[in-house]
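Next come two complexes built around chain A: one with chain B, the other with chain C.
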Partner chain A sequence: MHRKPQRQPVRLIIAALVVFGLAALSLLLGSQKGLQPQHYIQLTIDGVRAGSIYALMALGFVVVYSVTGIINFAQGEFVMLGAMICLTVNDLDLPLPPALKLIAAILAGVLLTTLIGAGMERLTIHPARRSPPVTLIIITIGVTITLRAAALLVWGADPHVLPAFTTLALEDKIFRFGGVIIQAQSLWIWGALIAILILLYFFLERTLLGKALRACAVNRRAAQLVGINPDRMALLSFALAAALGAIGGIVLGPVTRPIYDMGVMLGLRGFVSAIIGGLLSVPGVVVGGLLLGVVENIAAGVTDPAYKSVVSFIILIAILLFRPQGIIGGGEKPAEEA
Partner chain B sequence: MLKIENLCTFYGRIQALRGVSLTIAEGEIVAVIGSNGAGKSTLLNTISGMIPSRSGRIEFDGTPVAGLRPDQIVRLGISQVPERRQIFSTMSVMDNLILGAYHRYGRGEKGAIDRDLEFVFEIFPRLRERIKQSAGTLSGGEQQMLALGRGWMAKPKLLLMDEPSLGLAPLMAREIFRVSGQLREHGTTILLVEQNARAALELADRAYVLESGRVACEGKARELASDERVQKAYLGK
Partner chain C sequence: MKKLRIGPNLAGVIILAVVLALFGAIDIIRPFGLRFSDLSGRVVTIDTMIRIGILTIVVVGLNLLMGYAGQVSLGQAGFYALGAYASGILATLASRHGMLVGVADTWWWPWLAILIGMILTGLFAFLVGKPILRLKGNYLAMATLGLGFIISILSGQLSTLTGGYDGLTGIPRLRIGEFALWPAQRYYFLVWGAAIAVIVVALNIVHSRIGRALRAIHTNETAANTSGVDTEHYKVLALVISAMLASLAGSLYAHFQSAVSPSPFGFKASVELVTMAAVGGLSSIWGAPLGVAVMFILSNLLQSQIEAVFHIRGGEYELIIYGLVLVLIMIFMPQGAISSLGAWRRNARREKEGAA
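Let's turn to the complex of A and B:
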């Protein structure tokens, strides 16, 4: 709102130049590696897949941050827990047909992780809720380390396997279009993201509880004055963030090999996506996640896959230096008048 | 209905209320006037549970209120129209009003809530025109109407109004005061805090003058309006 209008075109030009420069650089690097157009399409598709997971994680960051002002670094651990719990239940010797067992495993992963998220808020955030945000953020880092260590004890240091959802139903789980390959699991990931966005929209815009959650994010004082209990909304936001994380981890499970410390790098990328989107806007962070996935994947594709994780760090540093309020959302938390 | 005895409230080390006592009977409009920093808003926020009181008693319909959370106090039947409106700016006019009735949902009051919404739109037809607009795009006067409507949607027995005329054009302020009188006729008791002493004393039955956290004088609004000291200090005569 207080943006200086005359600087807007300058910023657009700079952004266009940066994008154009990066695109030219990747084409140059790509041509040296002999990449064909379909390779770029493939890289983009895979990037959108990874980005969908980042978007799901970023949504978790937004839900918690907008309601409580806390950056919840345990978001990555929710992803890990969702995947791990799901594959553990799936490996149990239950007298069920495989498809039903997988459904039960997915439900268990989401529900248990949601409970863990809620428990985290009640046991660690709630008792310290009067502390400044920095303290609370450091508490979430403590929880992160604890959850990761617990996962190491329970699941060991080796990667695990979660079967692709449609190995059971489809003969061939890979679709080919010319030289471009789409795994059936990618469709599950995109489907999950779209379904969640629709559900989230419905929840936040159409239900009283969702409106109360938004009210708490917009103006905490006024929310209290209309009879909303912010402590309960904080609990709800952590549970919701955990559920979002778990779903991300479960749909991602089959395309990576879930391991106890997968939350580290995923958490970072979800956080960077959330920052790109300005930490408060749902569409902003979804675009942020997809963008990060694509940029990261193309950068890795035209150079070396080993550079993949460097991208998020560079973006993180650049944003914190030049645009700490985010790129897309561009919004600061509306100041609450005393 | 509301009985406050010897209430003391601190902001950190600064004492904002120094033993305030005040009563409100059902159906009354009571005004609290005083200059900036006299403790008027602190008084309302202590009643609402937003600031804890250090000592003293607040009793509402015989129930002690001090120590309850703000949301519990709203459930008891005290709702506040806060200073500077504090509407949910990125949400629609309708959503703001619905959230005003937040504590009434799930108690089988759906029909009553719809009737009350209709009532708010009747007294503020402008809000009906802007029902889907996001509240932050409303003019200052419309936002005040919305804040008042939202406060009333809680169906409070006691409505606390904090500086409703602040920053409004005189015509709009008069409209807000007129509607406040109308709400009383619908059975709402009102505690009004105002810097605009003249308008407040015209509307109110009784009034208290607050000076640096103490009640300096109290009485019938009409009598206070003709009191020489009050005239000099607050009415600019």
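Let's turn to the complex of A and C:
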């Protein structure tokens, strides 16, 4: 008997019912709060903006996880470091026009964070690379604690500011469409995400190094047999993840006022996005990030902002329980067995 | 002929109990006006010892779950919070809500509340355990992390029940009849009495059929299943036991602080618990008190020394060093302090034998 083809539509119907039910529920809650259609559009747009950052973070998780099998808790700290280093360099008294100074600051933020990521792999992960996952998770948590405390020491507990890229000032340019507002910085965030996806595609598909990285992700031992050094690839994956995180933090900087502990919740959201996407597929986690951003933002909009993180963790657990392979991944196997 | 043998575990329990009783006695008898904290230059006070005892109970449970059953939990502070809130809410029913007057203000009610908290937390762990424990490795870690987060956020949000972010205050101290288990010198004996009882129970579990089943699951779940071990049942059982122990510790914490608020039960707490378990040694019950004591005293010591040396109240320096120590321990002693000590001893013995 072939039972699977029959079960698939049933599952789809249940999933559709759940989605419709939740959508109806949020509309109901929203109408009680007197939300108009443009409010929903605004919530969605803000959600897509947050989701783009989650997607960048999720990419960092995927790069490290697929190559090394490690969940890197420090991913959120890369975001914080990118933003903090960038705004520090930008505040330096350099004899440069503001735009050039910002570009220099961005480069400095990305490069230094990349170095920190690579250093983290060399100093803490590499020596313990044969340890069980729990040990490695705790190591990345230890690094997280250290980095965050160091950031507190260097930058203090107060939030900082990074000027908006378009105006080079605190006030960002704003576009209005009816009742909907879009900040120019959102366009930078989306642009950064798209540019990174294109670059990542070319890197992974067209360059030897990128192919080696992918080979390592598919099968570490087989990759080693054809002459790829998995230790080097692990180093590369951490550096790449750090760079992705730093870019996320830098483009996010002007809209959030970076603070030393911004990495905590961002990192967890990025991770939830990665889980939604199945932890192993690049397009999957990008969709996962955007979806999480939108769902979370609408849910918080129709209820109470305090429940924002509850929503993401409920999504996390639901996905883990019902679709551990991610909502995009088509396979029946959970990602870990694949 | 049956000879009464005192194994290392029994000896350990006896030594621990005697030493701890002596520590406690110092603070009650006050020989030469000494206090317990004078032994360590005021670094380790009786309060510290109580906290170590409470956390030992949680970490023993975590050891059973992570070290023996091999199931990671990054949300253990959630169960800890459930216990603390169960006690906090139930013990203040009469004073806060005027409910069950005549029952909820008797001396035995808080004890019953501790039991109710443990049962409810165990039930909760049983219900979530079945689906969640299907997950493995990193996935399980993340699901438990999410669970812990949800509990911690809800404990702040459901303010009519939990007092919100300000928390619940006025939780009565425990007493037996008219005999109050307070001040801290008395509470110390209760906490460590419970902790030692928990250690004894855990040692027995480990050396029983359940313990063998759990270790079989840890080594190879499929093989355990094939040899007739009901893996799902035992994994859930381990989670339920660890959750109930966390709940017990939470209750003891609530009565110790006389207040509960969400902040000590967040993600950071879960991480610290796992850290303590890992530092002590995941696959050893004795690792629990050791790991808790090492990390707790390390963090206290860092705090006082940094203040004394640098003249700054630098929580950040303390955290930097804490994080680094954590990383170093995980790199160089991934099996935890207990196993490393054992390995050193074995090596030393081997060298000695080689020399002879």
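To be clear about the criterion, the second predicted complex is superposed on the first by the 318 of 338 C-alpha atoms of A that agree within 3 Å, B and C clash if a C-alpha of one lies under 4 Å from a C-alpha of the other, contacts with A are read in each partner's own complex, and residues count from 1 in each chain.
By our rule, a contact is a pair of C-beta atoms (placed from the backbone, for glycine too) under 8 Å apart; a residue touches a chain by one contact, two chains touch by 3 or more.
Given the structure is predicted, the values throughout are model-derived calculations rather than measurements.
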item: Touched partner set for A:L208, first chain B, second chain C, both or neither; value: first
item: Touched partner set for A:V161, first chain B, second chain C, both or neither; value: neither
item: Between chain B and chain C, more extensive residue contact with chain A; value: C
item: First, second, both or neither for A:R148, with chain B first and chain C second; value: second
item: Shared contact residues on chain A - chain B and chain C; value: 334, 336
item: Of all residues in chain C, those that touch chain A in their complex; value: 66, 72, 74, 131-132, 134-139, 141-143, 145-147, 149-150, 153-154, 156-157, 267, 271, 274-275, 278, 282, 314-320, 322-327, 330-331, 334
item: Chain A residues within the chain C interface of the complex; value: 65, 69, 71, 124, 127-128, 131-135, 137-139, 141-150, 152-153, 264, 268, 271-272, 275, 306-307, 309-310, 313-314, 316-317, 320-321, 324, 334, 336
item: Parts of chain A lying in touch with chain B, wherever the complex brings them together; value: 208, 211-212, 214-215, 218-219, 221-229, 334, 336-337
item: Residues of chain B defined as touching chain A within the complex; value: 48, 50, 69-71, 74-75, 79-80, 82-84, 86-91, 95, 98-100, 102-103, 105, 150-151, 154
